[in-house]
Every structure is written in C-alpha cells, then in structure tokens.
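In this document, chain identifiers A, B and C correspond to the written order of the chains, with residue numbering beginning at 1 in each.
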Amino acid sequence: MSNNMNLTLKVWRQKNAEAKGELVSYQADHVSPDMSFLEMLDVVNEGLIKKGDDPIHFDHDCREGICGSCSLHINGRPHGPKQGITTCQLHMRSFNDKDTIVIEPWRAEGFPVIKDLATDRSSFDRIQRAGGFISVNTGGAPDANVIPIPKVIADEAFNSATCIGCGACVAACKNASAMLFVSAKVSQLALLPQGQPERSRRVQAMVAQMDAEGFGSCTNTGACEAECPKEISITNIARMNRDYFSAKLFKSEE
Amino acid sequence: MKLDAKIPQGPLAEKWSKHKFNLKLVNPANKRKYTVIVVGTGLAGASAAASLAELGYNVKAFCFQDSPRRAHSIAAQGGINGAKNYQNDGDSIYRLFYDTIKGGDYRAREANVYRLAEVSVNIIDQCVAQGVPFAREYGGLLDNRSFGGSQVSRTFYARGQTGQQLLLGAYSALNRQINLGKVTMYTRHEMMDVVTVDGEAKGIVTRDLINGAIETHAAHAVLLCTGGYGNVFYLSTNAMGCNVTAAWKAHKRGAYFANPCFTQIHPTCIPVTGDHQSKLTLMSESLRNDGRVWAPKTKELAEKLRKGEIKVTDLKEDDRDYFLERKYPAFGNLVPRDVASRNAKEIVDEGRGVGTSGIAVYLDFAESIARLGEDAVRAKYGNLFDMYQQITDENPYKQPMRIYPAVHYTMGGLWVDYNLQTTVKGLYALGEANFSDHGANRLGASALMQGLADGYFVIPYTVGDYLATVAPKPVDTSHPAFEETKKVVVERINKLLSLKGNKTVSEYHRELGHIMWEYCGMARTEEGLKKAKGLIQELKSDFWKNAIVTGVNEEFNQNLENAGRVADFLELGELMIDDALDRKESCGGHFRLESQTPEGEALRDDENYAYTAAWEFKGENQPEGLHKEELVFENVKLTQRSYK
Amino acid sequence: MSNFTKTFSSSLGKKLVMALTGIFLCTFLVVHLVGNLQLFKDDGGQAFNAYAYFMTNFGPIKIVSYLLYASIIIHAVYALLLTAGNKKARPVAYAVQKGSQNSPWTSRNMGILGTILLVFIVVHMGDFWWKYHNAELPYAKYEISLEDPSIINVSEVAYSDKLLVHSEVVDVQAGKRIVVSKDLYKVVNNAFQTWWYVLLYVVAMAALSFHLIHGFKSAFQTIGWDNSKLVPIIRFLGVWVFGVLIPLAFAAMPIYFFFK
C-alpha cells in the first residue's frame, strides 16, 4: 500500500526489575495504517527475533480493550494520543509518516517495572482484596429480582464498574495516585443496595491498602479522568472521599 | 477403559437433586485438611476457587495473566442465559434445556444440559448478590434480551461487557477468600504439566513467568479451568494468551480429549484486513436483534462494490439479498451461529462478498435507526459501534458494518463425566476447557452460564465425592513423580530454547492457522482433511528444526512462552483433523460437505454418529485411540434442526 | 494510633486538611479584602487605620487570627508533606510526559503557586503585620468634622511609647472628632511607591488567582461535595470570585498607590 509509514520508535528497554533501563531506537518501516499499535510492535519484534535479539516485552491479552493488560505510555500519554481507548485499540492511522514515537512503561512506585514495558500491577489486586467485595457465599443468594434497583442507580454503578484495572489513571497522574481506580471500585459497591452492609469497612480498608502500596495523593488534576480508556468520572473520587470521611469521622469503629 | 459418564438414573428433572444426595460428603472439620489446585481464574476457575474456599477447602489458584481478573472470560460481550422467565414469555428450565440440546445439534448429554438449565437461575441470583450490575428496566427489575437460537428473552446482560462484569463478580468472591487466607493466588504462573501418581492427579508443575522458576505443587485434587483452544486457528476472537497447554498436558497424562473438531465459528466478527492481523474482534451477537444481514443480489454488483465503483449506500432495496430472512423466515437474522456463519461463507464463495478483500457481508442498521432513532440504537450498541469504527475507520451509523465469521469458541475439550471428572481420577475440567454441555454448537450466552454453573454449583458437590475417598493427610511434593514430571518439563523447555532456526514461532502459528481455517473451518471434506493432516505433520517436524526461540529460561521470556503453546497447538491440530475425519456426518459447527440436505443444510447421521468421540493419547507420534460415548436421548426427539 | 490520628495521616486525611485550611484561607481572603477596600477611601487612611486596629485588638477576631496563622502553617506543611509523598510515588520520571494534554496548568503547579504565595505572605506580614505590631510607627491624627464627616484634616504625630495604638475623643466645642491611631495607611502608601514592590504584589496576586482557580473547586471535590447542583456554583465562585475578582481587587491596591 502506498500510504504505509516509516516510523522511529524509542522504546524503554530494561532487562529485569533490578537492571538499569534506557530508551533504545528502532526503525519500524512499511507500517500499515490499519495495523493496531500492538501489531506494529509485533512486527518489530518479529524482526528482532529473526536477528536472535530479545523481543520487546509488553503486557497484552484480549486486544479488544477489555482485559486491561495493555499499558503503554506513548508519546507522553497513557494509551496514546486518543481518548477513550486502550493501546490495543489504537490504530496506526493515528500517526503520521516519519513520526518518532516514544514508548515507556507505566511509571509509579506502585507499578514496578518487570521487564521493558511490562510492569507489576498486583498492587491493584491487593487493594481489591482488602475489601472490594460483598461477603456473600455461593448458594445463599435471594431471588435476583427481590431488590429492585432504580435504573439511574444501576446505570451509575455500572459506569463505575466499567473500570478495566489498566492503571492508566495512575500512569497519567503527576502524583501517581490510584484514586480513580480505587474510587471506581468503591463506588460501584457503595451505590448498590447489596453493598451497603460493608460500605464503611470497605472504603477504609481499600484506602489503607492503597496508601500502603505507595501511590501518591490526589490533587484533583483530572488527568486520570481524561486518560481513562473507560472514561470513568472523578465524581467517583468525590464520592469515595465523602464515604471515607463519614466512615472515619462519624461512624463508630466496626 | 470403558467410558462411564456416571449419569444418574431416574427422571431428567430429578437426576441432579438425587445425585447431590447420593454424593459422598466431606466432614466439615476435615475440609480444611484438603488442598485443591485450581488452574485458571476465568468464570469457571474463579467461581470454583471461591466456592471451594468458602466450604473450607484450601485452594491454590493459578493463572498466566498478571491478575485473575484478566482471564479471557472478561471479553464476553452479549450476555448470560438464565431460565428465570421474568418476561413471562414462556421460558422454563425445560425450554432452556431443549433449546440448548437442539442448538447443539443433539450431540450433548441430556442430563448435563438439564442440570445446566436448572442451576442457571441460581447463577443470576448469585451474581446479583455479588453486585454484578446487570441491565435494568425503569421499574428497577432486571432486563432481558433475546439471543440466537431461541424465541424467548432470557439473556441477562450488562451493556456490551457482560463477561467483564460477571468475572469481576467471581473475582471479588475469589479476592475475599484470598484475603481470608483460604486461597493462595499464583499469578503469572503457567501450568506446564499434571503430576499423576498411580493414575490419580496429585499436583502440577508450573513455570513462574517472571523468573522462569519451575515449581511443583501438590494437592488432593486438580481442577483445570483453562479455557478454550480457539487460538489453534491463529486468528480468532480469543485473547492472545488463550492456549491448550494445560488441557493438552492433561490429555497426554491420560485424560481423554472429546470432540476436538467441534469449533464454533461466530458469524459477526470484523473481517481481516491484512497479514499483520493478530486477532479478530467479535461484534456481539446481540447486534443481530436489530441488524439485518445482507449481500448484493448479484456477483456483478458485488464486484463493483469491491472496486469502489459504487457505494454501498447506492444499492437499492431490490439489489439487496437479505439472505437469512429469505431462507429462514421463522428465525430470520436470529438463526443459530453455525447456520448464520455457513450462509455468509456461501455468499462469499459465490463471489457476492464485499469489502476490498471480498470476504465479508453486511450487517445493516439503517432500518433500526429509522424505526428507533439513532439515539436508541446508540444507547443499545454504542460501545460496539465505537469499537467497530475504531478498528475499521467506518461509521456504522451511516453505512452498514462489514462482518465475517471467525473462530470463537471450542465446544470440544477434555472429556468429563457427570461429576466433571476427566478420565484421570482427581483431575477435573470446568468451563470451556471441558466438552460437556454444548454438543456440536453452542448457543449464544450459554458459555458464561456453563462456566459459572460448573464453578459455583456443580464442582463444590462433586469434588467432595472424590475427596471423601482420599485420606485427609497433608500433601507434599516428595513423591518421585513430582521430580520426574518436573524433569520432563525442563527438558522440553531446553529443547525449545535450543531452537535457533530461521522462522519465528508466530510464523508457524500463522501457517497452522491457515491450514486449520482452510481445511477444518466452516466446511470440511475428507480430501481436504487428509491433506491438512499431512501439512500439519510437516509443519510440526519443521517447527522442531527451524523455529527460533530467543533468550533463556531464567527470565521473563514471552517468546519461550509462546513457543511452548504453539508446539502444543501443532499437536492438537492433528487430533482435530483426525476427529473431523472420523465424523463423516455434518452436525452443528462441523459441516462435512459430503453430508448435506438437498437445500444445503447440515445433514446429521444419528444412526452412526450419535456419540461423543473421546480420544486417548497413546504415545508421541502414535495414532490416538477413539472411545465412543453413546448419547442416549430419553426426553427429546432427534429431528433435523430447522430454523425455517 | 487512634482512628482520628490515623484519619489525618492517611492520604485522604492529609487532603482533607489541605482542603479545610484552604477553604478557611479563602473565607479569610474575603474578609481581608473587604477591610482593605478602606484603602480606596479618600480619608487619609482614617477608616483603614481604624479597621487595622479593630482587626488586631478585638478579642474574637484575635482568636480567629491565630487560627489563620495556624492554617497557613498547616496548609504549607501539609502541602510540603503531600508534595514530597507524591514525588516518591513516581521514583523514575517519564522521558516524555504531556500533562498539558490531559490536565489544566494550574492543577499541575499548585506547589509552585503555593510557594510564591508563601514567600509573598512572609514578605507581606513582615512589612505590615510585624511593623504594625512592633515597629515605632508614626501616628496620624484625624480631625473629623462632626457636621460633615467627609471633611477631615490629617496631621502627623511622632511616635511615642505613651500613645495608645488607637484613641478617639469627641470635641463637641470644636465640632470635631479627633482620632489618633498608628498610621499603617502611611506604611502602605510608602511601600507601594517602589515599582518592584508593586510588581511583587501583582505577581503574587496572579499566583493567587491561579492557585484558587484550581484550589477552590478542588477543595470541594476533596471533601466530597460534588452534588450536581452545587458544582456549577462552586466552579463559578472558584473562577470568577476567587480566581478573578479577589486577586484583581487586591492587585488594584498597590497599583492605585503607585499611580496616585
């Protein structure tokens, strides 16, 4: 195809968690605009493997914007220049011939680099484990239609629930704060009637774990919301703050 | 070994209740003395691990992703069936059972399917209690949509991401048990082999994907919940990491593999654009509720479209062939997947395909947009339309989508009995990894149902029946079988790492995919399959000579991971071909050109093929042994499926 | 640790402190501005000096002023703690980071803006507050006509440690009210004759503007006040009242004296 592009990539290469990393330049030629960003990297990697070199490591799985695995900081922005999508949904038609593209891993104390562009985001799992659940054993549930939930509330809870746990919010935030993620998780359950019994315990436990993981403090810059591929709103953060303060300051300890 | 499916006696509707009563129980105080390994944390694995831990068992759970939440169940879009009859439209457990058996083209076990339909109602309750935000009506009650292959509305959904919401529910239950110390979670761990002692599963060997450490883990029982093997086709709607490795290793250790050739080709996916393509994206089946499938009436028109001489919007109603509505007036665009896919292929084969490649048909929303308004359509399908536009750079509100079938789901899998136990004692298979409930074709919205049924409501009962026969003694990895199995794993890794040829692993994978798609895809022939078998054998031996695997074991090495998976796919591919060759009838997703009705529909041969083919591994490069489990239908009458 | 101290050492707790002290400082700004508007009165500083006296000597206001000093210190200390913590949260910086494409400039520079404000506050308090309390300022004597209070005769009285900070006598015979007070007005007037001093003020008020355009609404987001009906009001106040009106009014004062 005539509209193929030639690009220069500057990719963060780091052998393992302990090694020192650096930006390394690669040439990506004949890139079709119909390729996804990750497919472009696949092609570069095929070339590296053929030379016997170590391919560029990055996390990815579903390649359709839902698993939250992919996580590249592209030209200064998580998931690249477009809004509301993940890196795997980014297509090369968003770039121009002869562009230089800088690709870095998520940078945060809570997301240490494992290798190249892959980071360890298990901190998110630990936050969820601390309280992101409703304590209901299998088998004991009442009929699903016993509790009607107004559509607006169900929809609002759903909006919070769409978070894919990618960590772009942390990556975008100048403070590497995980507030958008945590608040989305807290909000989903705080909004629903099923989540009420543990509401106060949940928010306290999850915030405590978030702090323990070394994420920064929110200064309400809104970068998270702007970069979140699922367009989660920072209203969730306000809601979580409210829940947290009322739990801490006005509820008796549980 | 004679296959015993352990189907309980008695009337269909009472089988499961009676069976639950007859299963042996583990004394509550003893439960904590048992350890169960759960490989996989998708819907099946996460629900099983959480439920077993709630009962008191110690669970070790494994997944290869960096988080249990990223298992490929996350990607399911459309919905999950539940025979709740909330819509008062005539649904019932029996109807869901009947639809599933019929949809599966009468190649599934009645008893299993009935149980599935029976527990489907509990699944919905369980998920709602966990906080899964299903779509609701203004009155606050749950909403339903209809799905292919059924005439009632019983599909529960959460916008276009039902899978993610269900998985997050199961993941939260799992998290709660991890937090309580009942589940130990191993992420970024790949299961490399099963350890058997005297024919019973006693543990697994894993590789830590970060540092390459080969570890052994012992348990009283092992559950494989490792998903489907659609990636054997290279291009599929599955995630990049989906693999057959765990199931395949179990197969080589004695677990029979059932109906491997039964793969589902989903009719509505975004067509391939070029060689660089790494995966295909599904457009949810729910789109067929409002979208109309069509192709140009003549080859000439299609030709002009492909060349760009005319635009799709120029085509008049008279020039369009709404082929599904025309051929299947009763079900129209909502015919089951296999039927819809095959018809799209026929159109393309006739030269009436569209798009630059000519390998696509249209899915058109113009009529719905005119009837409901663009906003209503956006509210229903907005995220899917956006996804489509993102990938194709075309606006589906303004022009029809181009779609084409793609590999989506594998009905085949490890053979299991009614208790979900494989032919290896103590080794169970759940979810897409087993073959159990969908016969030759799966109905939409029933895989999520099956995964959760297996994990939440079946295995917690049936695994106890086995554990009650095993002494509640602590387990360890001291038995020599662990060291031996580990050695096998290490040797294979070393062999892979020694490959320093000139062709990348992905190139082999792509070639394998081409062969499978061409000869073992939507239409299969004796001749083609035989040819494919030869091609795969060549490819396999070439792989072990000329592939390139870079790096070392003791590091994060994605190239090595992939090499191991592709090597297993190469072996599986051959078995799929064997299975497809054996089954000379057409049924469900398996369409043998030699066996069709005069109208070109799949022609089953119940006389000779009403069985499940379970294959036994007999040694490297040895033909596998075929065992037949006869399917007995006591409740439904076998008829030629008709959706006209 | 008790739940209470734990609350304020958590990341959210620290933010709560920032927000509460921030909002308190904002309310103080309003009071401070209303008082300072007396500077524009053409009365030789009489009303302003009276206001200065009132602010520093009226009991309840005094308590509030201690709260104010504490707030400034706490706000600054917590800002430092938070900023340090946030730096630690990203030990390795990005080679390229395009914050400008996802967040407003003000929100990313609260620390710098705050530091400018702190420097300003120190200079400002040193020049006016400290001098007023400790230095040997001259006094102003105002003879105000009882018939027409706009007729004021101003004269200077030299400093003496016998004089009260502020005294007022009504001389009915002369038809005058005589007010003698420490002449902070003059200090202000003198200070604002230097161009760079005026510039410092204008820059600081610009910093205040930017600090509050983000800070005001941010504080409400932090305490969790995001009711959809309130948010537009808070945004409006944050931008137009605290971001524009108040800093402009403050900045107008030095400019006014400079050109007077």
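Throughout what follows, a contact is a pair of C-beta atoms (placed from the backbone, for glycine too) under 8 Å apart; a residue touches a chain by one contact, two chains touch by 3 or more.
These numbers come from a predicted model, not from an experiment.
Chain contact topology: the protein chains form an open path, each linked only to its neighbours in the line. Of all the chains shown, the one with its CA centroid nearest the global CA centroid is A. Separation between the centroids of chain A and chain B, computed from CA atoms only, is 27 Å. Averaged C-alpha coordinates give centres for chain B and chain C that are 67 Å from one another. In whole angstrom, the spacing between the mean C-alpha positions of chain A and chain C is 41. Within the complex, the chain A residues that touch chain B are 15-16, 32, 34-36, 38-40, 42-43, 46, 48-50, 52-55, 57, 59-69, 84-85, 89, 91, 93, 114-115, 118, 120-122, 124-125, 128-145, 147-151, 154, 157-158, 161-162, 164-165, 188-189, 192, 194-195. By the touch criterion stated above, chain A contacts chain C in their complex at residues 10, 12, 23, 73, 75-77, 81, 102, 104, 107-110, 113, 172, 174-177, 207-208, 210-211, 214-223, 226-227, 234-235, 237-245, 248-249, 253. Contacts from chain C toward chain A in the complex involve residues 3-4, 6-7, 10-16, 82, 85-86, 88-99, 101-104, 107-108, 110, 214, 217-218, 221-226.
For chain B in complex with chain A, the touching residues are 47, 50-51, 54, 65-70, 72, 74-75, 84, 86, 122, 124-131, 133-142, 158-159, 161, 163-165, 168, 171-173, 175-176, 178-179, 185, 187, 210, 239-241, 273-274, 276-279, 281-282, 386-387, 390-391, 393, 456-457, 460, 500, 502, 504-507, 548, 550-551, 555-556, 558-559.
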